[in-house]
Amino acid sequence: MTAAVTPRGRKPTRITPARWGIYAFLLITALFFLLPLYVMIVTSLKPMAEIRLGNIVALPDVWTVEAWAKAWSSACTGLNCNGISVGFFNSVKILIPSVFVSILVGSLTGYALSFWRARGTNILFTAMMIVAFIPYQIFLYPLVRVFSFLGLGQSLLTIIIVHTIFGLPTMTLLFRNYFSALPPELYKAARVDGAGFYQIYGRIMMPMAVPMIVVAVILQVTGIWNDFILGLVFAGRENLPMTVQLNNIVNSTQGERAYNVDMAATMLTALLPLVVYFASGRWFVRGIAAGAVKG
Amino acid sequence: MKPHWFRLSSNRSALSALLPAFLVLVIVYIGSTSWTIWISFTNSRMLPNTNFVGLRQYDQLFANDRWLTSVHNLVIFGGLFLLLALALGFLLAVAIDQRVRNENSFRSIFLYPYSMSFVVTGLVWQWLLNPTHGIQRLVRGWGFPDFAFDWIVRQDTVIFCLVLAAVWHAAGLVMAIMLAGLRGIDEDIWKAAKVDGLPAWRVYISIVIPMLSASFATATVLLSTSVVRLYDLSVAMTNGGPGVASEVPAKFVMDHLFERANIGLATAAATSMLITVIAVVAPYMYWRSRKGGRA
Amino acid sequence: QEMKAEVIHWWTSGGESAALKVFADQFTKAGGTWVDNAVAGGANARTAAINRTVGGNPPTAMQFNTGKQFDELVENDLLADVEAIMTAGNLKAVLPDPILNATTRRGKMYAVPVNIHGQNWVWYNKAVLDKIGGTEPKNWDEALVLLDKAKAAGLIPLAFSGQKVWERGLFNAILLDKGGPAVWTEFFGKRSQAAAKSPQFRAAAETYAKLRSYVDQGAPGRNWNDATALVIQGKAFMQVMGDWAKGEFAAANLTAGKEFGCTLFGSRGGGYVMGGDVFTFPKPKTEAQAKAQATLAKVMLEPETQILFAQKKGSIPVRLDVDGSSLDICAQRAMKVIGDKSQQVPAVEMLSSPAMTGALEDVYSQFWNNPNQTVDQFVEKILGVLKQEL
Amino acid sequence: MGTTAPVDLKDICIRFGSIRVLENLNLTIAPGEFLVLLGPSGCGKSTLLNAIAGLLEVAEGEIHIGGRNVTWDEPKDRGIAMVFQSYALYPRMSVRKNMSFGLEVAGTPKAEIETRVQAAAQMLKLTPLLDRRPAELSGGQRQRVAIGRALVRQAGVYLFDEPLSNLDAQLRAELRVEIKRLHARLGATMIYVTHDQIEALTLADRIAVMQGGVIQQLDTPMKIYREPVNRFVASFVGSPAMNFLPGRIESDGAFQFTHEGQCPLTGYRWRTPGFAGAATLGIRPEHILAGAEAGPSALTAKVEMVEPMGSDSLVWCRLPNGAPLALRQGAETSLIPGDPLPVAFPGDALSLFDDSTGVRL
Amino acid sequence: MGTTAPVDLKDICIRFGSIRVLENLNLTIAPGEFLVLLGPSGCGKSTLLNAIAGLLEVAEGEIHIGGRNVTWDEPKDRGIAMVFQSYALYPRMSVRKNMSFGLEVAGTPKAEIETRVQAAAQMLKLTPLLDRRPAELSGGQRQRVAIGRALVRQAGVYLFDEPLSNLDAQLRAELRVEIKRLHARLGATMIYVTHDQIEALTLADRIAVMQGGVIQQLDTPMKIYREPVNRFVASFVGSPAMNFLPGRIESDGAFQFTHEGQCPLTGYRWRTPGFAGAATLGIRPEHILAGAEAGPSALTAKVEMVEPMGSDSLVWCRLPNGAPLALRQGAETSLIPGDPLPVAFPGDALSLFDDSTGVRL
């Protein structure tokens, strides 16, 4: 300490190297994370001629949204040249009830498992956790048989049930952990108040579980929206989701590849989950803090 | 003593709430799994049949180079991916936790890849990593003609490319979990450490990381499920190539289930995976239920 | 009652859908309603179709490759035979034998073949050929010389797309050239160990191994059409690919015989590997469906449809009795070649099961991508596969 | 409001798996009585209360409330209301809704609900808070709401499980008085669990001191404070705790301290007269005679520390034999550490315990 | 052990964004002094303590510890040690490690660390627990470890932030005594934050009563208890709280209660002699003369409730003018609700406050 200055008040702030390091680390990592998104967007805005020239990070010389328009409304998949817009609405049609039902069933199961700790419930839970590790493609064929046996075939209902089935382990885990961490007195108070099992669930537990519901919605929206194979196999022809169209456009084995249209279609397909994430990232962290960590 | 029916009314409700989960467990999980195991003992091809052939599919499976490579790849991928995703996610969480500006933007940037499907992730990274029109070409174009970044076309390095893309995809989730954990640490711990004169890195290593063990466990479980299920990424990025250098077990199963119409071998592979998963997960669940008897 | 046909297929790209539209239009003209169900990727489309058929909710028609892919559907009585239609129009007589064999099970035809694809075409850039000096090669030995020249000229000699399926295509093309139809049918059709041990087979393997050094670094994982683009742009000299590559040249406004050339290597006869597509018809649930199936089958094989379809698809008609003069010169050349029965070579899919094809593919792929593997090791592994009951 | 009801527990046994928490417990509570269950953590107080409420199954025994055997009834059918330590308010409901929820579930008419909620709110001074959420309330207010929620049930029996232990001292004192007033006003039976002996002493008509699942003493507060039946009760009740001085009772009826000193036991009300042998003398800090009061037979202790507590002071000293001793003095005490202080133990304020059994002599 | 050090705060201002929590605060603490910061929640006690520790930057002012200006120094260089309310133990380290970790990082020699840890452990009776993890300890033991961790630092100044408020009453009383003993033994300066006035009164050499970031009164416990400088201090210190009776001071020097009754003020030590006007009379429950002691000028209150507290009883009554009044009586009081009780307020034990400013008269 030099005699010249008497320490008084706020310490003069000097930005430390550590602080620089943190920002540098964050910025570089952010660039790394943004690079793919940037390349996709830039590519989707270039005409094919420029893409063939091939600087992937260069900004377009000619900006064009043609690819986006084409991907959305006129790209062909088979005989239908309506772009992926058809699939978009199908996806929404699948998404909304599936998210709702899968969260409903998952939360109810999680609630029942935390409320009612009988012997068998642990086995049920363990089995679900194991299933969370198994590639679900293995279940495809037997499930097809089960649904045809039940006379459900391929329909909106079928795909909703399928998404519910495959969402069950994660949803149950999330909600069970969350509800288990609540004070048991809440259940007791509600029971003294005369509320039954479902009343406690619907009127006390679920309103409390909002942070967890947000996490569940985010996970399910992305999972269900991005699903391809389940939709293909179970949704039925009228309900094929957007990802099937995306696959048709991007994965055609023959014919010229329009990378800009591919990218635009990909971006369009990813748009909804992206928006969900950017809009609710804050809630996501909060929701995870509210319960998921207590594994 | 009269029967304990007075608790039964709520037990009945709990049972009814668990019914869907129970049905799913029996019909889908146990049913499909049993079917899978049964088929693995037959010589089924495209459609299941009942020609029992004992362990022949397993003989062939473990004599199959591609399967062995797949398993080997999965081990390498899994180890590296877990390590890097946890490390990067943790570092990001720590950096963000330093009261940086624009915390929300950073968090969203790191989290958004998780909203992308593996298919999209794979496609984008395939593009970026391709030496003839990706990063290598870009850097060469900047005046480094000898720059080489051709991991994706080399058999010995292609698996690292999968790791890279997967880490990009999942690090944000780890970050979110870790951030939630960090935010849950008592402010006073930091103060105590400061009074003790501990340097920040020391606090993280000796105090914070041990305190976050629950967060690490949750993240590890979540990441592990995607490791075992790894399929889409390999297909979209490299389709298993070059050669079989980036094949993975789930892809082995899928290819043989559908493209190659060899479901006997496919189910044998699936059964092997299942047994491995059970062997790892069941003891963990048991240990956890012992330990976590509280709540 | 309305005649409605839901067709599951994997023709999703521009040229493919244009070709498919020919069927759809003809069917509509015949009074039907075409319900299109396109799923990109053969495996995806077949998965969807088979699952639906097994699940009791079959489409009206579903696409397969000409070959063994639908064997088990026939064995499980899930498919309707098309014998009546084929005999009615006396169509069996005008189909090439390999195609006929590939669609006939238990003495009846169970699939309607709609086209023939040549799988072993060699495409080259004429400007490049002129630049490096030489004439159109007729076999792999000649080709190797030109590849060397191209390499010396700083070009990519062989435009290659490093995916398993094309690694397999390349090896098979070489095997046909080196071994001829005899080794081909012995090997793929009868799984003959002797064929695999034959010197011809070894020669093919050696040539295959040599070709590794003629491809560029970006080859692994590349899509086939990007490889074709290299030939179109003059960055590469030649490519081995099926006739669907024509579409790429056409899209770039190149004409066969002028800017690019097409040729077939068959130094031991049997120059043309015939693949193709078929449509099968699940057992109909209703009378209307049966009628739709019959109409669809009939429409697909009408000469007019066949020509229109082949023009769009880049393939050649499956009927030998139609006039191909409206087709491009590569197609005309193909039609001329298969006029000679000895040149007709059935595609691998017709001879071996998907499981066997896949297992071989794995072995090729490992050989191609691992320069350290010797020809002996390769043959050893091939023999291992042949021993399996696939 | 609800009519008061007696509670009768007969041979209650409760087990968790193989752990026996309560064994053959009998307890009869008169209508309108304020009974406090007092005991250290883990002694089974909450367990007993939950069993009465019907939140826990009894393994054996019967529970009668208001003369009716309710052993197998649902909680809501037992005519009880309950208040929890952690408040257990429904976080997403307003105060009003928290109070009315139970009545709504039971299908009580709207007007009736409104009346009851208003009445309870007024009684607990919650009226201006009715539309807030629990998160927007202070701890004391939350606990008031929890009490209000119980009140609207108009039960015959109110159960409290450590309702005040999450609050700070001042609030605790305040709410304690309120609960006492409430009891006077409602006249309902109240069973109140606590481990704070001040609460127990001030609130209870009778206190049941529990340890290890067994009721050690069931008596009025004064009786329990003055004449604890055993050493556990003596040490658990009272703060600062009773002083315990080891020694033995001579056959001449005097108490001989270990090492040094003696104390006559005149005036002591013996339960087991004629006992002689190893024993402990217990005396509360405020009963010790010190200084001039101590008289001639006094021991001389040495002052070690003086804790001023505002209204009085606590003086920590050490007896000649080395035993520590706390005594209560006036706020203005002039004692300072090091001072010698004559002390005497009046026989009528003592407690004597048999060393071998811990039981009062 | 470490040498004791004075603490000197000069014109401290602390702001969170635009909120000014402390404004121009001055405080001088003598070496070896035990200073308690007492105040309601949110008044800035922790803020001040954190500033002294260097865990919070001051916006203005200087902090001197041991004569050295440490305003810009890191916490570890200030010669302080700190104990937190939530213990803040490192959960994955053993007790021993918790205590030694800071020293290890600072590079203290192994032997030295061992000596210090052993000494601290012995002093706090932690020796048998040294190898346990915090999760395996009770609350009181954990807080002991936290104190031990501070002790090994051998600081000149020890800072405590509500160290006992997470513990139950009995443990609190016990550890309070231990801390007091520790202070006597170490002789170090201690600054202790609490909102429990019993802790403040028993522990402090001086108490600083804070409200809204301002020190209201800085004085010895006795002074603060007997002569609070304003109504806030009077009401905050003491439990049960001081009784406040509204009224006015007549020009003849007597206190006229609102509605009814009078009280002479003979013996009151005026600060603003000659004041007349609206005022509040404050009197502590134990200073009220009741029954026979009350004398002739007594008012007659009506007993409403009697709270037996073991060592004494609290009697709640109501004055004729309707004001409530609490008074302390012996444990054996025979008063019951409804009894009339003459009460008098001796002038030398009163506090009088100006109604307009709240300041002591």
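As written, the chains take the letters A, B, C, D and E, and residue 1 is the first residue of each chain.
Operating definition for what follows: a contact is a pair of C-beta atoms (placed from the backbone, for glycine too) under 8 Å apart; a residue touches a chain by one contact, two chains touch by 3 or more.
Remember, predicted model here, so these are calculated numbers, not experimental data.
Under the touch definition stated at the top, chain B and chain D share these contacting partners: A, E. Common neighbours of chain A and chain C, by the contact definition above: B. Among the remaining chains, the Cα-based centre furthest from that of chain D is the centre of C.
Remark: among chain pairs A-E and B-C, B-C carries the greater number of C-beta contacts.
Rounded to whole angstrom units, the spacing between the C-alpha centres of chain B and chain C is 37. Centre-to-centre separation between chain A and chain D, using Cα means, comes to 54 Å.
A separation of 91 Å divides the Cα centre of chain C from that of chain E. Across the assembly, chain C contributes 42, 44, 47, 54 as residues in contact with two or more other chains. In chain A, the residues that touch at least two other chains are 140-141, 191, 247, 250. In chain B, the positions touching at least two other chains are 9, 133.
Considering their complex, residues 50, 53-55, 74-76, 80-82, 84-93, 101-102, 105-106, 149, 153 of chain D touch chain A. Chain C makes touch with chain B in their complex at residues 42-44, 46-47, 50, 54, 69, 71-73, 75-76, 162-164, 216-222, 353-355, 357-359, 362-363, 365-366, 368-370, 381, 384, 388-390. Across the complex, chain A is touched by residues 13, 57-62, 69-73 of chain E. Of all residues in chain A, those touching chain E in their complex are 1, 6-11. Residues 6, 9-17, 20-21, 24, 34-42, 44, 47-48, 51-52, 54-57, 223-226, 229, 244, 247-248, 251 of chain C are the ones touching chain A in the complex.
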